[in-house]
Every structure is written in C-alpha cells, then in structure tokens.
C-alpha cells in the first residue's frame, strides 16, 4: 500500500518498517506524503519525506535519546515507519484520498500517525483521518498562513485551503482550531470574516511578540482541550523565519526562531493529548545545507520525545541541569 | 483566458502581448505552460515559462537580430505572447485540456504556437492542438528519453508518456515520429517493442556519435516530410548534457552539447515546415546562474530566427563570414 | 525619464505604473535605484529593485491587506511605481544626481518617495531630494554601519559615505540623525569623533541589547521629531543578522532579527511623520532562496501599511487578537 | 564487516545486499569506500558512495536495461552490494588496509569488485586486492592527474600517490599502466622521469585531441592485454571537464566530455577482460544538482552493461538503430 | 614549522606574520589548524582557517577598532599570525601532536594561542598545549555537542571525543569543565553518566532558555575561576542555530543566535583570565555567502577586543551610547 | 601605485611581487583590474583578479610545469605580479585611465602585461597601453560578443564598447582586429555595418563549426601578423559555453568548450608575437565550485607556458607522447 516514491526506501532515522495492511502494536507510525501537487508557488515538498527521514549526522539506528527530556522518543515509544503513500502530484483528489485512508488506518489502530509532508494540502486528509478515529479533535496549527482559502486555481484542494475544508466538513469545530504564528498579507477580509464566524482563534505574530509566545500557547491549550479528547498538531515549517528555514515554498519574513518552534512543539506534546501530527512544507530544492530538513526532522523528534515523556508521567523541569540526578 | 501564474506578467523578451480570445494576425504566438504536475521526479518546471521569457542580458525590447542568420526572429516575424495558460499542478487532465484548447486556437488561426513548458506532459496537448489544425503532422523530438511510457503512478498522463498517447490517439503516425538523443536506461524492452511496432525512428546517442548528428538529422528530416505537411518540434532540454543544462528534472549524462542542440534546432526550422514548437523541462530550482533558462530562451530564438530565414527564402551558408556582404 | 535597467519592466507587486514627468495624485511613489557603483565590496544591489518588486508568492495584483495592521498599504494609499532611474554604475556622480532629481520630483508633488536600492550611496540623493521639499527633515537610519566615511577609493561618493555628505551639505542636522543597529569594527576613532561633534545619536547593538530595542526607539523618535516636520527612514538590510539576510554586500554578524526590523519599521511609520523611505543593500547574487529580497519587499509593505494605518488615525493595539472585532 | 558510514544503508540502485563474510555467487560486488582522508585539497568524497548509489530518477529496483547495449547490467549479471567498508578519515593506513581485505575477498571469490570512492587513495588497495587474485593485472586509468607522487604532507598514502605505490610494490608492472586524460601542471619533471623509467604510457589531452581518443584507446588496449590476463579500470571523475563534473576535489579545466568518458568506459568493458573497477573523486559538497553523482552512477552502469554484453558474446554495432531488430 | 596548507599564505586580517621557532613578544598568536580528519560527518573544516582569516569586507590591514568596546583588538594587543600547522587529514594522531607542540610553544612564550579550526578534534591538543603552560586550566566550551565520546570509528581521536580525552589525561579537571549550548540527541546515558561522575557542568538549551543565558554564564564563570588561574575558551560555531551558521558539519537546530554568541564570548574575555582560545567547525563548503566564516572571524575579533579591554582595566558599560564621551 | 582592493594581497599562484614604480627585469607582469563598473548586466568581475590568482589545488609556489608544453611558464619566464590597480567602480573614466598608465608602464619596460579583469571595459586601456609601446599592434579577441557598441547608458565607456573605442582612437587598425567565437543576438545591423566598414574580421560560431576552429585560427593569424609587430590577446571567458563557464556576466549559450579555448590560446601564444594579454569577465558571484575561476587561471597559465615555449624556439608536436624523450 505504500512505496518509496522518490528514491531509496528509507525509514525515519532507521526505525522499523511496518506494513499498513498489517499494522503492529505501535505508539506512532510514520507516513510519508511526498506530494506537492497542491502548491500555489514553489514546489519541491515531494522530497520532504525523504529529506526529513535522513537529515541527521548520527547513525540511522532508530534511537534518539533526548538530552532535554531524558527519554528516547524512538525507543521508549514503539515507532514504526510505514513508508510513503503513493501520491501522484497531478491528481490531488486521488492523492489526498489515498492519504486519508492510510492515516485513518493508523489512527484506528490506536497509534499516532506522524505524517511527513508534502505541502499543506495534506492536512485535510491527515486531520480527517485522525478525526474519524476519535470523539472530538481540536487542531493546533503552527503556520505563517491561515490556509483557509476558498478556491484556488479552480480547485477546492490545495495547500492554501485545507483548514477551511476541515471546518466545512465538520471534521473539526472552528472554535477548536488554534493557529499560531500567522503574519503577512494573506488572507484578505472576506476569508478573515469567515474564520471569525467559525470561531477560529488565530495568533498573529504581533500578538505573540506583545504577549509572549508562552502566554499565547497556554491560552490556546486551554481552548484546545475544552471538550476535545484529542489534538492534532500541524506544523508548517514556514512558521519559522525564512532565515532559519529557507527550504520552503511560501516564505514569510518575521517568523519564530527555530528554538521557539522546538520549545512550542515540546510544550504541545507534553501538555496536550496529541493524537496525530504532520510536519509540512519542507522543500529541499530551496534548502541550503539541509538546514530546513534538519529542522523538520527535529520537530518530529521533539514531538515524539515529549509524547514519550508525557506517557512516562513524571513532571519535567526545564531548569534542571543536564547532568543533575545522574 | 491566460494569466501570469507565478509572478509578474511578462512577455517573451518584451514582444507584444496578445489575447487568445481575439488573436491578431500573427506568425507565431508564445504560450506559457507553467506546469509540473506530470513530473515523475524533480519538479520546478512550473517556473520554466517565467525563466525562459526573461533569461537575457539584453533589453527586453522585442527585437533579436541573429548574427548567424541575419534576420530578426522577433521582428521579421509577427510574434506575440499570449501569456500563461492556467494549469493547476494538482489536476493534470484539466490542465492539459486547457492547454490543448489554447494551442489549437493559435494553430487554427494560422500562427505557429511556441509553447514554453512546463514538464513534457504538455507535448500531448501541444501536438494534438497543432495536429487538429493540419492535414498530417510529424514530430521531431529532441530528448534523452522516449517518453512513451504506459501508465505511471496510476495515471495515463505525465511527462514520461505523452508520445505514446499521441500515437495511440492517432494525432501522429508512429512512423512519422523521429526521436533524437535518447540514451540511458529507460524504457525497457516491452515499451521498446511497442515503439518498434508503431514504426518510430529513435536515434540513440551511440548511433549519433557513430554516424554524426548531421547525417542522422538529414535522414530523419526525409522521414518527417514524407507525406506530412507540417512538423511539430519538441525540444526537451535534457537532450543536452546535464553539465550544460543542469536545471532539469531527469538529467541523463552523455548528451549533446548546447552548440549541437542550437545547430540542430536551426536546421529543423530552416529545412522543415515547422508548424508548432515546445521547449520543455527547464526547471529553475535546479539551475545555476540561469544557464539552463538561457539555453531554453536561445532555443526559442534560434527556432524563430530560422523560421524567419526560411520564409525569406534565400539560401543560407554557415561558412559565410559574419561581416561579408555588408 | 525612467527605464527598466536590468530585465523586464515590472511594477512593485503589480501597483499602477506612473510617469515621473506627469505624476498623478499619489500618496507614495516607488522608484528603482538599480545602482551598485558605490559599493566598496560585494556588488549586486543593481538587481535589488527588480528582486524586491516581485519577491512574493501572492499574485502581483497591487493589493496587500496587512493581517497585523488591518489596512491595505497598496490600496488604502494611492501607490504608484515610476520605474527605475537610469543609473550607470560607472558614473556615480551623474547617477546620484539623476536620482536626486527623481526623488525631489516625487517629494515636491506631495507624495512619499519609496526608493528601492541599490547600494547605500543612494541615501545622499534620496534624503537630499526629500529635504528640499520639506522644512526640516530628520533621518532614522537602520544599519550595521554608520556610513559616515570621508573619502573612499578617491571618491566622495560611495555606500560608506552618504550620511557624512548629508550632514556636511546641511540637508540634515547632525543632531537629528538617528542610527540604529551599528556594530562591528568600522568606523575608527576619527570618524566617530566627527559624528560626535555633529551631535549624531547612534545606537550600537550593545546598547540595544542592554536597554531593549523599544526603549531605544522611543528615545530616538523623540529626538527625530524635535523641531523637524518630516522624517526620512533609511533601511539598510544589513542591520539584520547575516543569517537572516545573507543577500547583502557587507554582512556584519550579530544583527537584529527580521522580526525586530519589521516591528521597528512599523513603529517608525505609525509614530513618525515619514516623508521618504529607502530600502537598500539587497544583493540578489548573494541571496539564497530569495529570502533577503522577500525581507526587503516586506519592509516596504510594512512601511506602507503603517503609513496607511497612521493616516486612518485610530489607535493600534498589537495585543488585539487577529479575528477580534470582525 | 561493512557498515553505512554516512547515512542510511542503501544498495546501489536497489540491487541485493550481500555479506562480505559470506559471499554469494556473484558476477560483481559493489563496495563503498567512503574515504576522503587522503585528499590534498577539497574533501567530500566520503559522501561519494552514498551519492552514486542513489543518483537516479528511476526506481531503485535493481534493474537498468541499457538502451545502447541491449542488456540489463544489474540483472544479466549477478550484482550485489556489500555496503561500505569502515574507513576512518583520520587513519589512512588502517582504512586502506581494511579496504584491501574487502576488495581481495571479492576478487578471490571470482566476482568483479566495483568500488565506489572515495578519493583516489583507494586505488592502491583496490588494485592490490584485485592483483592478488589474478596472474597479472594491467591498469587502465582515466584521470586528469598521474597520481604518481612520492610523499605528500609527510605521508606515503594519499590521493596523489597510489599509482606509484602500486608499481613500487610490484602489484602492477609500470609498462602495463595506461593513463588517459592527463593535463595541467602536475607532476613535475622528476616524477615524470620516474614514470618514464617504469615504462608507463600516459596520454595527455594534447595527444588525445591530436590523434583522437579512439585511436589512443585502441593503442592502449593492445598494451594492456599484452601478457596480462586481467585489467583494472580506475575512473577518476575529474578526467571530465569541470564544467560537466564540478563535484570533485581537484578540477582541471580542459577535460573529456561526459559523453566521451561514457563511450570510453564502454569500450574498455566491451574489449578488455576487466577484473576490477573503481569510480573515484565524486565530491557531493561541490556538486550542483547532483550532476557529478549522476555521472559517477552512469559510469558504473555503463561498465556493468558492457561487461554483461561482452559476456553475452555477440558483436555490438553502435550504428544499429535503437529499434532495429525488435 | 608552519605552512599554508590550502591556498595562499595569508595572515588573519593582515596582522603581522611570525615564526613559531622564533616567537616575538606577543600577546596573542594565531595558529591555523586546517584539519578535518577527525570529522564524523560532513568534512570541510580544513578550509576554516583560510576562510576565517579573510572573511571581511574591510581592508586586511591588521586593525579592527571595536565600536562596542572602544579598543583595537589587533593593535592594542600585539597579535601575530604564525600560519598553519601542517595537519594531514589522513593521520589524526600525528596531526594532533604537531598542533599540540605549536600551541604549547605559543602558550609557553606567554602569549595567548588563538587556534582557527579545523574540526573539534583539535581541542585536545589546544587545551593540552595551554594546560602544560599554566598551573590549572578550566574550560568554557560553547557547543551543541558535549564531545565526550569514547571511541568512534575505532579511534580515540576525533571531533566527538576531545573533551573526554582532556579529562582522562588530567589536562583539565572534570569539575572545571563548563559546557554551554548543548542540545539534541547525543550523547546517550552512559556517556552522560561518565560526564556526571567527572563533575562536568553542562548547560543544555532548555536550561539556558528557562534561566537566561546571562545567569547561566555568571554561574559558570564562578566555577571556572574557582581555583584555576587560566581559562581556555573553546567555541564550536555549531552552538549557533544552523540558520545563522549553516557552514558547519553537524548542525543541530535550536541554537543560540549569533548575537548571543558574540555577547557571551565578549563576557568570557572581559571577565575571565582567558589563556587560550579556539574557534572550530567552520566548514566553508557548506557555507552560504560566507556568513559562517564571517561569524567565526567576528568571534575571534570579539575575543581579542574583550581581552584588550580587560587588560586596559577600566569598567565597560554596554548601556553607554556609542558616541558618548568623545 | 597598486593595492589589494578586495581582500588579501596575493600574487598569482605565488609568483614574486613587484612594484610598478620600480619594475624589475621581467618577461611578464601580472596586473589586477578589479573593476565591474562598466558592466551592462551582472556585476562581480571585481573579484575576478582575486579569484583567478588563487584558483588552484596545487601549492601557490610560483611554479607550474606544463605537462603538454614541457616548460614552466612561471619559472622559465620572469613573471611578477604588480598587484591591483585601484579602480573605483563608480568612476569608469578615472579607473580606465589609471589602468592604462599601469599597462603602459609594463609594456614600455619590455615586459608583457597580463591583465586579470575585471569586465571587458578594460580592454580599452589594456590594448591602448600596449599599443603605445609598440609599432603596430593587432588584436586577437575571443568573445561571444563583438564589444563594438557606440554609447550605452549614456557612456562611451563600458564592457560593450571597448573595441570600437580602440579602432576609433587609432590604437588598432580595424582590419587587424580578429574576433573569434561571436554568436547570439548582438549587435544589430548598424554596428555590424560599422565593423565591416572598418575591415574587422569576426568569426561567428556558425563559421567556426562549419570550417573548424583550427582553420579559422590559421586564417586569422595570417591577418594578425600582416604588417603588425605585436599582437594583443584578449580573452573573454564567455567565449566558452555557459555550461563550462557559468561565472560570467553575459552568458551566451553555444560557445566553445574549455578544451577548445585552451588549445586556441596555446596556438596564439606559440605562433604569434603576443605583447599583451587580458582575461576578463570572470564573475565569482555567479560561479560554481570555482570552475570559471579555474578556467581563467588556466588560460593565463596556458598563455605563459606557450610564450615560454615559443621563446625556447624548438618545435612542438602535440602528438608526442607525454613521457617520450625522457
């Protein structure tokens, strides 16, 4: 059911391969979504899964003990990689639908799907696939862009529209949709009105700078868990400033630092019942020295580490010295 | 009917804009096909039209007097640019069909469509659109690849299959399909058998090196004009060695030099009744210092210059000194 | 009077073209200053205007509604683009003088000139042209470098000297010259003495880090508006750290983040009577994935948006949620 | 015994993995030599094996039917990939000695070792390992450089010296050492004298241009097979012009075209009893768009295809049309 | 005793050359360590010394007056450049031992050795060489990685192990080893246990973010000077976020900003008795627009400036305006 | 009188420095012309001298024994490097005039000036300076462009005009001006008429391909030496195809190969009384992996080697095996 679309058949940092048609007991299953057919500008995210799977200078040995969190996200959790979903760029509808089946298969098995994009079109099947396996799912969405567009290039499906489709379809309640890091000059008033009408809560960078990211996150977390039993975490790498994440399709200056994103993802996965995750918009052709692919890889590791730490149950103090308690 | 899909609304080196819905008397009309939805590997050709239109260090003034051919291809012919056809990457069938309408509109008006790709998927609508406006069209096809694949990623349409679709549909007779520059490791025996059965004539690089490109071209030209009143010229920039044309999606070492390609395109347009033309697979994200975009631009100029010279009617001698006769 | 020096004739994100010799009623007029003839090190800023005009993934449609400021800087203001001033790199004096005429023409018409550089040599004509149309102009200058050099390579004119020339000529009072972001190892003591003697106020990064950028800006704004009716805002992109703005000629590590610059430019234009603006030292040959060009483009948009907001008159609160009040 | 030193554990284009300690019946065994510890200038060839193994736009399926030669070098031969030999860059002697053991193991098993470099230091163990398994081995060596240096940086081992060590050790007779493509400004007279004394035959580019590459090759082949039962083919990618192979450590302008190299490698393997092969000096950090990695990959495929064709036994005519006889 | 290993024979920004065998009275002596033979992943640091010596847009005149510190680190101190130590990449032990001799020679003469790396393997000889000339040396170590590995690729020496070797050999007490900026997924528990047992104090980024860098530094400084008369400062450029320092071998997202590093290095050299310094892991092949080389250059200048200021003795206030007191 | 304008003060591959005001007995003197103030498109050639001086993987030791020609161009001739002429980009007239003085000083001393450009504007002072020291100078000019423009950007001086200025001033007779490699779409008819009227002989690529480069060169050499006692050789690197020389300002596809240029330069210097030489239009910001800088460096070496061989007087046979006669 899955294949290696563009190049050799790798697993994420060497974790075990699994077969979607016969899933093992797993805590998390990685899926590649090598798709850039929904991109409105620079393509290249089809190579995102391959790049994020291997962007590391350490051995690809399926183990990554986190210095900060004192867990091994790839070993303390049962993490498998199910390979890439076949997603032909020229047929967005068929591709998204294949992905949704795969994500739902994982979620229905009780594992957390971790989807490596691909452009942000994939959030539609990612969140839908997860929401079908849970009572009520909220979304925490890091991005420079709201991705709530109506129709683009004559299509309902594309990387500027998935969040609208999700709310329209009822997969997610608009007032449980939290957006962090928006900025720039899109969308315009009518789409913003639509967003307001559906009760979305979007944190633009001005608010984040003025109030502090941590305060905004705490507020958003309270909303996300109000009446929802599961949270989907969608991370568009362009939430980070283009200087620190150049390998992406629609760069918008003035974003978070990489440090801020990693800390925020950590908090999400330590504090929220994350049931699904995607990391999108890493575009290797525009990257330099793999720095954006590394960042995408580290976002996945940070999330898995924090999920493992959350499951272990003991509190975590960022002020504790690294070597304390050894 | 046409738009500027990715960036500012430019015309090819500053030639006049025209409107597809109301075509002027034209000798040649440039169309952008900013599409990479059919690519099997590296994307990026969506930016090919924008790159090829402006890759020049001279003023964008709609004039290019050829030193070699002593004509101005942009002024001695009536050349217009109709802009880009909207081609959403995520919907290959709709996109190709929009392009076919545009190409046919141009061809039916009596002008030569000059299509700037885009990936090679577009050859299907390009040649079909032209063939519908002529009695019998043959194809001269420069490429490292035969592009005669059956189904890829579950789709009949993609950049590895257009030539098969053209022959299957009857748009072109297989035995009037001439391929120059093939090499490498694709396709395999069954597709080659299909090609042989349909009478295609494909010149692999070994034959070209052994016999000389000029001899192969002369032979091919004789076939192309045997019973056909029009020739479509399809130039995939990857026919050139990747060292001289790195900005492309499926590079295959061992190709022609840029000089050879320019001379071959010149001969085609001097000696054949060229009724349509596309230049494809220029992928700016993989280019360096715009050298592949420049090459694509010069292929277009070489073709237009030679068409202008052919129409002027007097013979051309490459051995004549540049300043002779002034 | 203006031309497209290097490539196609674009306007800034598709705003309307205007003619310098026959200016329309405008709030702001964009001018390209494609000049790197005054550069002491890496050239390339001649391509800055072309790059900044089109660095965007959104349609080039002359509209940019700011999420943060809730205005459309390109539509709520009457913004036109007058094209490029012809500035031959090999003749700095003639070039600067042509630019001064153009800037003065705009300023005298009552519009704000927005000059896209080019190297920082152009600040001399930019500020001079504006100052001739106002009673008394102060300068707020973001830069890693003081640009107050005496003579370089035997010339009074170059990108390291404009601020000195401006004070010497009397175009600006030294004690109304505010510099933000200086750092590094230039200039030496004698030039610093000259700066002190003329009452300049320069905020080096150590002071900015120790006191906070916002406190420094507030102090500077008070000086800038003390007895001056107009402020010229000159933004050298190298004020930002080279990691976030690599495409520049004289990179100096340890600068502002892109976020800080955008917020600072916003404050300037919200709080000060900005009468002219230039964005300089964007050098595309040294850029990667256009991130520096994007930053330059966003500095212009941020400024125009804030000017529009200032003119609307109602107060702005950065803590207001994006969708509040809709 | 072998590992994946730098990144995921891939096989060459997906051929089967094998274990050096328990070799299967094989015709050719690929070995990675990820070593740049012997480089005198630019490093990076440690990433050569990983890059050459996967540089292809086709599926990594262990099959590559050659259009030109009408064989599938990866399937008509039994080709396996034994992975990378561990070669710590900081210890050249230990590294080379590990490689020699591995190469000899393969050669002694009756298979052809195909070694992916790595810098040219590895030719010493490569040829030595092969020579120990054969009666008498000659070497055909494509390179811009003679690699016959004495001592460099205080070491006998490095990428400028392997050919001298091979002749000194008696692994190869100097008068059965054929060098093709030398040029430039190294070595100086004393080393050339040493080469002459040992009867080496080196074809500098001037001779190749004047006489033609094919004539030179025919002459070299006659020497190589005079009293030798086996030939080692060593291909330094810098024999090709840097324009077509920029990703290398010591580029020397004025080389062969990629086409010439591929045709020459084909002739070697069609006409000579090749018993071992290495492809060296592909340095990914200096490559662009993978073009040099692609070239290295194609050199390996060309060699394997031609070996398969030679074993099939029927004559090959480059002038035969691609589709003839189907 | 020293040479120019890779390219022309430059001195650091034009300071005077000196001869290691006959050292002048110097305050600081620069040594190049062009070595990447100990690198576990991307090489290229062999070109670090050449790149850091000349990365500047100002004249290479041996003078750099610091705006912030009001001293000229290259003139107020007697700074010389002794050139590169010959360090053959293929022989790590011999190379490190040559470097140790050179560093000790400088330290024993009473000057501060300033070593330009090179990969971090060189910290072993750098600190050892300095420790042999002082009573008791502590180490302040900026890095993303602890570099306390046991054996890698079969070798005790490499860029992941120097800190362990230093503590094992007794050159430095483990409880006077301060590490700033660690993060990511290496090393694992057993090495961390070893570090704890030896009393190392390592500040991971979570602690730095939570407590603030300045508080952590103050605490570390107190430890470093407790019973030690000298401090060695080792700066691995990968402590900075890869977005701001891409030109390095083992990038780990989430690091310091360049501004933070410069300020921290300044504080070290203002407040501590720095007796030796190295700046390592600048890898030009992976750099873009020289930004990482510039950063390395500025770290050296910041250190020398602060040492000069410390020696001058008067207090320094970062809040003082640049032009105050002139 | 000369300086190091952009970076460290290097000599060409380590040859001896000399002082223009006090020239030694020299056969050839290298001068840097770091000037791009006359460029009509991409700048960057100001860094050409620095790049060409050091582009080599061999030691910078002032010795380069040519394999092909069996001389050491840097030792058999007395070659010195006089450094860079100060050429402020913003003042083309002053800059060109400084260069002319320097070139004339060298030529008048009896040495051959070897000028490293810089854009092609410098040919005007280069040839003028040489012509003033000789009876009658002809020019052999390798270039894609005729460089015979009238006025550009309002200036008589720029890189598109030097050849016209030289003929107008009488420095060179039009009918002793030989151009090799022209192609593309510039200049137009009126300039071509002017060229014809002045008797220039320009070999466009079509003629070169049809007749062969060697035949064209032989014909050109006969003209060049007809009544002239000295030849100036001007090599614009853009005569080579952009694929092999991307680092240049005005790339024109379809050029010579690097091999052809090196062989042609060799013939010029073996067969003609070359009295001056420039190598221009190498633009490092657009280069990749220094391949264009290497090519420029090798053009200089090829020329100096051939001049040395010509002076030695014995005939040279390209067919002689490398090791023959040792």
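In order of appearance the chains are A, B, C, D, E and F, and numbering begins at 1 in each one.
We take it that contacts are C-beta pairs under 8 Å (C-beta built on N, C-alpha and C of every residue); 3 or more make two chains touch, one makes a residue touch a chain.
Because the structure is predicted, anything quoted here is derived from the model rather than measured.
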item: Intersection of contact partners for chain A and chain C; value: B, E
item: Both-way neighbours, i.e. chains that touch chain B and touch chain A; value: C, D
item: Chain whose mean Cα position lies farthest from chain C; value: D
item: Selected pair, out of C-F, A-B or A-E, that shares over half of its residue contact pairs with A-C; value: A-E
item: Comparison of C-E and B-C (more C-beta pairs in contact); value: C-E
item: Between chain F and chain B, distance of the C-alpha-averaged centres to the nearest whole Å; value: 37
item: Inter-centroid spacing, chain D versus chain C (mean Cα positions, whole Å); value: 56
item: Cα-centroid distance, chain A relative to chain D, in whole angstrom; value: 44
item: Distance from chain E to chain D - Cα centre to Cα centre, in angstrom; value: 40
item: Chain C, residues touching no fewer than two other chains; value: 41-42, 241, 243-244, 246, 257, 286, 288
item: Pairwise chain contacts, counting only pairs that touch as defined; value: A-B, A-C, A-D, A-E, B-C, B-D, B-F, C-E, C-F, D-E, D-F, E-F
item: Of chain C, residues touching chain F in the complex; value: 5-6, 36-39, 41-44, 46-47, 86, 88-95, 121, 152-155, 157-158, 285-286
item: Residues of chain A that touch chain E when the two form their complex; value: 57-58, 63-68, 240-241, 243-246, 257-259, 262-263, 288-291, 294-295, 298, 301, 318-323, 326
item: Of all residues in chain D, those that touch chain F in their complex; value: 40-42, 182-186, 188-189, 192-193, 195-197, 200-207, 209-211, 241-244, 246-247, 249-255, 257, 286-288
item: Of all residues in chain F, those that touch chain E in their complex; value: 4, 7-10, 14, 53-54, 59-60
